[in-house]
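Dropping the structures in below, format is structure tokens.
Next come two complexes built around subunit A: one with subunit B, the other with subunit C.
Now for the complex of A and B:
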């Protein structure tokens, strides 16, 4: 791999991360909402326990968070903190550290979303490939309409339906959460079993809703690939249908899917927000949702930055690996 | 652990992630692995702060001896779970969601619904003659959960510590009246006030709100920063409190509290040991999940629900009740009547006649029926009709007659006032003057959104160019007055001393701030000033509620208030908590209002102690 190409890609990575981080800083500030005041008001509105002088309390918190500083100073401090992955302290859950909150939520999301994304990718791609394959079993075509219909239903709606049927009506699965009521997290088999049981419905909603996406993409690529000369040649050589499907058609058609998969995995860090919210799942998506609701800038910054970096890294890896995977892509400018 | 172990580093991290090691073990192991000190310290802090480290649960407690309550957080998560400090912003989902009701005990327990109080950690207390000092004697035998005796030192330390940081601390209401809490002897503490305050006992020494919501063990809090100390270290047995339960586990998904067999209250024979062996606080979820949890008996006390959702729950699970059973209003009246707030310092709302026209445009009976599913209660003023308020309410009847304040709409009076003010109806049947309609863009917060459509429709029917906006971003301009009209509630009506003084005082000029500057206290958003009113209410400041002069001054003040109508009140706030009798009986009800059935409030401890197993 030429050094120039590597430097260009790494440079682009840092540029993208910096630009996205800057937007991340600016967007919440476009709102007229004062996050500290908002939090104070919610506290008072819930409890009626007025601070003696709310304004003074608000000022003391703004000072603590540096919100009393000029914007450029806030920005400089923000960029410096982000560069060191120091996300500071939550505004609304003061004095909890943002990194602690993310640290707590991330494993749940990584497991749930990564596993379900991979399952959806494998099943969806295989299903899409078979849909386009003339010698595929007939039942594949029967399954197509319902499965593709699921892909048109938003995650959360599918989630609510699954909860109603499998958790509320038939009580096969729990109504929500990451583990049983009364349990304490740990690495015991019992707890892992609970976590798996609690993740089945959220995972199912992600798999059902996204399988169609992978299937449609794969089907389109398979149709194109089937017209290629090398497939015709393989057929003319009398190779077995199974071999042509797997080695000639599927292998070539899956390349664009792999690119999409890498990008999808980059998004894993942001969680499946709506699914996590519907199922009360203790992941990053739920954390992001509640932080946006409460204008918790520092948590929003931390999570968004994490997502930016994750997607940036996924893209960088793809940029570096794709020429290896696909000879048609080159490191050199033509 | 030795450095020869090739998997040491990954195991340390794995164990840390899994919550299987303490902070100390993590530091030791990681140091052996050669990880950098700063990285390890930060990781250790984060792991402990994240709450992954929790002690093992006690032996399993059967479901029928477990009380499961929903409170705090949202969407099934409570990110504030690891905060055990009342004085910081995260205390709403932290200390207030579970620890307060199970671990903390107040000096005096207060029942806002009945006005009764019960001395708790305090045995006796009394004011001096001029209401500038309170001398309190503490109960014998009270102990912290770590076995240390609870003394006057702890009480004085708590009050003085909060007084010293009152400008930065939340939940420190009325502490500014405290000059000094003085230890007289180990069982006696004297509160010396800055000025006479006959209602300070109720506002600050009781379970209502404020300082006694977290009594601080001096031997733990001394030397800690009141505003950053999380008070959470399971290894050390923190948090330490005097109440009948101890924290067993805390995660974003649930907090678990187990019964202390050595609770001082039972040991001394003062109270029976509660039958509830374990209390679990689950975070709030959306309404549909909350209803499903109740229907399937997975929780014993749900979150506050709307009338239609409650009716669905009743239909599918007859074991679920509310404070008023399965009958309207499906709950109890809270201390926060709902109002349409005007910025009275901004035109055209600085005109009392226009405010009256708006009041006449509203049919409160219909509005409340529509918004509250036919189970609401109307309001004409800032007070909640608790029993103690009955004589005051009677004194208001002549004023209602005098000014024509009632629950019905009076279109003819709207017409009369608006015509007098120079308005005419345009082609859209909206009042107009100088080419401008009376624009009313009303901020309606999410929790009151059911009021938005019927309220604006009634106002439009009466000729006002009304609309509503539920954007949460309007909360801040509402407080600064830049959002001139807002729907909300005002209180605490009745919590502050069972006399009408506080709810009159929020309209005094001392709380007035110009538009653009936030109100100094949450409730004082009307920006209305009246010298005559100030003079009357000021006289009430140093009078106790039972002083005969209080009633006279109250009537005078309300005469001015109703005449000027700085606020249009429309409804009482009904708190509708569903409670399941599947596993527990003895919930507070309107037939037996021994406690305040609010799982966010300190008084809920009384309910927990009183509950009996259903089987």
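Now for the complex of A and C:
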């Protein structure tokens, strides 16, 4: 892999991470009040946490940001903290460290989003490929309208509907949460079973709502691929239809789809955050929601930064893998 | 002049609208869906007074009945009124952020595609980078910092912060191909400067793409705004569709079987998104004649 391509991709990754950290630094300073400080003062006033511990928070906050120091020093310090994933302490749950809270929630989200995105991608692409294939079974075309309609619904609204139907009305699945009330997370078989049962509906809402998107892209690619000479040649050779579909058409059409996957990750993450909120699923989405409701800014900023970094890493990996998958991709500028 | 003669087919579609609509059923159905939603917001207020969206105006938690056509919510607002007065607010957010996204995207795309070089690197790089970022989270940071008393217009401005990337990309790639066509070359040889060429030769040929980009940006803006609102980060006192969903979740309407609270906004949202999707797919067919024969 040429060095230039590698440097470009890695450079883009660091640019995003830097931009995310800078936005977190700049936005609060653009508003007329310092929201973090304001919120801490308010917490003291309400007496939610003891005044003494709040004093400590404010002290650690002011020391951390060195508010008496010039702006560039504050900025340098902030970036340095971000680079080490040091987001300080939670305002509402002092003295819990923000990073600890996020790393508790992150595995839930990673598993849910990765598994459901892969399923949606594979099923959606296969479905789209069959839609464009003349010899595909008839029922494929019956499935198309509902799936395309689902893709017009935001994930979490489909989730709401699924909760009403499958959890509230028919009681097939739990209404929400990540595991049964009263049990605590661990690696026991029982607990994993609970976790799976609780994640089926959230995963289903992501899968159903995003399959149509992949299907549409794949269908368009298949139409193009079918006109290619090598497919005509394969037909002329008398190869079995199934073999032409899988080995000749599908294989060539799926590659641009993976590029689309790299671009869509951020969108999927945004959607998954809201799905978690709707289901009360114990991942970063619910953590974000609860910190928004209590205006726990250190958590909001830390979490936003970390998710952007995570998506950046995933995109970078895909970007570096793609040229390996598809020899047609050139490393140079398009 | 050759240039204008070639430019005509693209713009002509908009003048021959009625016939064009029959040729593009997706576009037609999409427009009908959106017009229906818009019509509801125009005609509805003639029959339903605005006061009915106020808290405590009606008996709470009523099922749909003759008196309350879509029922009432837990704080005594009438759902029918909420839908009638809330839908245009959501559409307004979409239109404002779509317009801003398109304008910024158009300037970036034209500069990036036509002039190339440093600006192309910078603008395309920025658009690509921001596309991969989970936009909702960036908007959450902005919205929480300025929390309290957000108006519908502010909400639209917040959302439009991330509405320019897709238009930039689409327009840039189209400009790249148009730039090399013979009529643009001819214009260049006949002494037009870059700005004139962009305004007189390139933009007329971009119209279908501009329209499609606008629809895409509106749709993205609405999606982002109802997403923020569902997290509680919207105009608290306005009955936008997203805020309605937020309050219905806040008061656990599903567990209390108040389906008439959460279902109507979802239905309207689905109709809006389906309409926008069909319009953009239809515009795609207009822009790429090669797609026309494939349904």
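The definition used in the following text is that the second predicted complex is superposed on the first by the 262 of 334 C-alpha atoms of A that agree within 3 Å, B and C clash if a C-alpha of one lies under 4 Å from a C-alpha of the other, contacts with A are read in each partner's own complex, and residues count from 1 in each chain.
In the analysis below, a contact is a pair of C-beta atoms (placed from the backbone, for glycine too) under 8 Å apart; a residue touches a chain by one contact, two chains touch by 3 or more.
For clarity, every value in this text was computed on a predicted model and none was experimentally measured.
Between subunit B and subunit C, B contacts the larger number of subunit A residues. In the superposition on chain A, A:107 makes contact with subunit B only, while subunit C stays out of contact range.
Within the superposed three-chain model, A:20 lies in touch with subunit C and out of touch with subunit B [touch as defined at top].
By the touch criterion stated above, A:289 is placed in contact with subunit B and with subunit C alike. Once chain A of one complex is fitted onto chain A of the other, the partner contacts of A:175 extend to both subunit B and subunit C. In the superposed model, A:160 lies in contact with both subunit B and subunit C. After overlaying the two complexes on the shared chain, residue contacts for A:92 are found with subunit B alone; subunit C is out of touch.
By the touch criterion stated above, A:230 is placed in contact with neither subunit B nor subunit C. In the overlay built on the shared chain, the residue A:80 is in contact with neither subunit B nor subunit C. On subunit A, the surface touched by subunit B in one complex and the surface touched by subunit C in the other have residues 31, 160, 163, 168, 175, 277-278, 289, 293 in common. Residues 12, 15-16, 19-20, 23-24, 27-28, 30-31, 35, 149, 152-154, 156-157, 160-161, 163-164, 168, 175, 223, 262-263, 265-267, 269-270, 273-274, 277-278, 288-289, 292-293, 295, 297, 300-301, 303-304, 307-308, 311-312, 315 of subunit A are the ones touching subunit C in the complex. Within the complex formed with subunit A, the subunit B residues making contact are 17-20, 42, 45-47, 49-52, 54, 56-57, 60-61, 66, 68, 73-77, 79-80, 82-83, 88-94, 96, 166-176, 209-210, 213, 227-228, 230, 248-249, 251-254, 256, 278, 280, 282-283, 285-286, 288-289, 292-293, 295-296, 298, 335-336, 445, 472-473, 475-477, 479, 488, 491-492, 495, 517-523, 600. By the touch criterion given at the top, residues 125, 128-129, 131-138, 140-142, 144-147, 223, 226-227, 230-233, 245, 249, 254-255, 257, 259, 262-263, 266, 269-270, 273-274, 277, 294 of subunit C touch subunit A in their complex.
Taken together, the subunit A residues at the contact with subunit B in this complex read 31-34, 36-58, 60-61, 90-97, 99-101, 103-105, 107, 160, 163, 167-168, 171, 175-179, 181-187, 276-282, 286-287, 289-290, 293.
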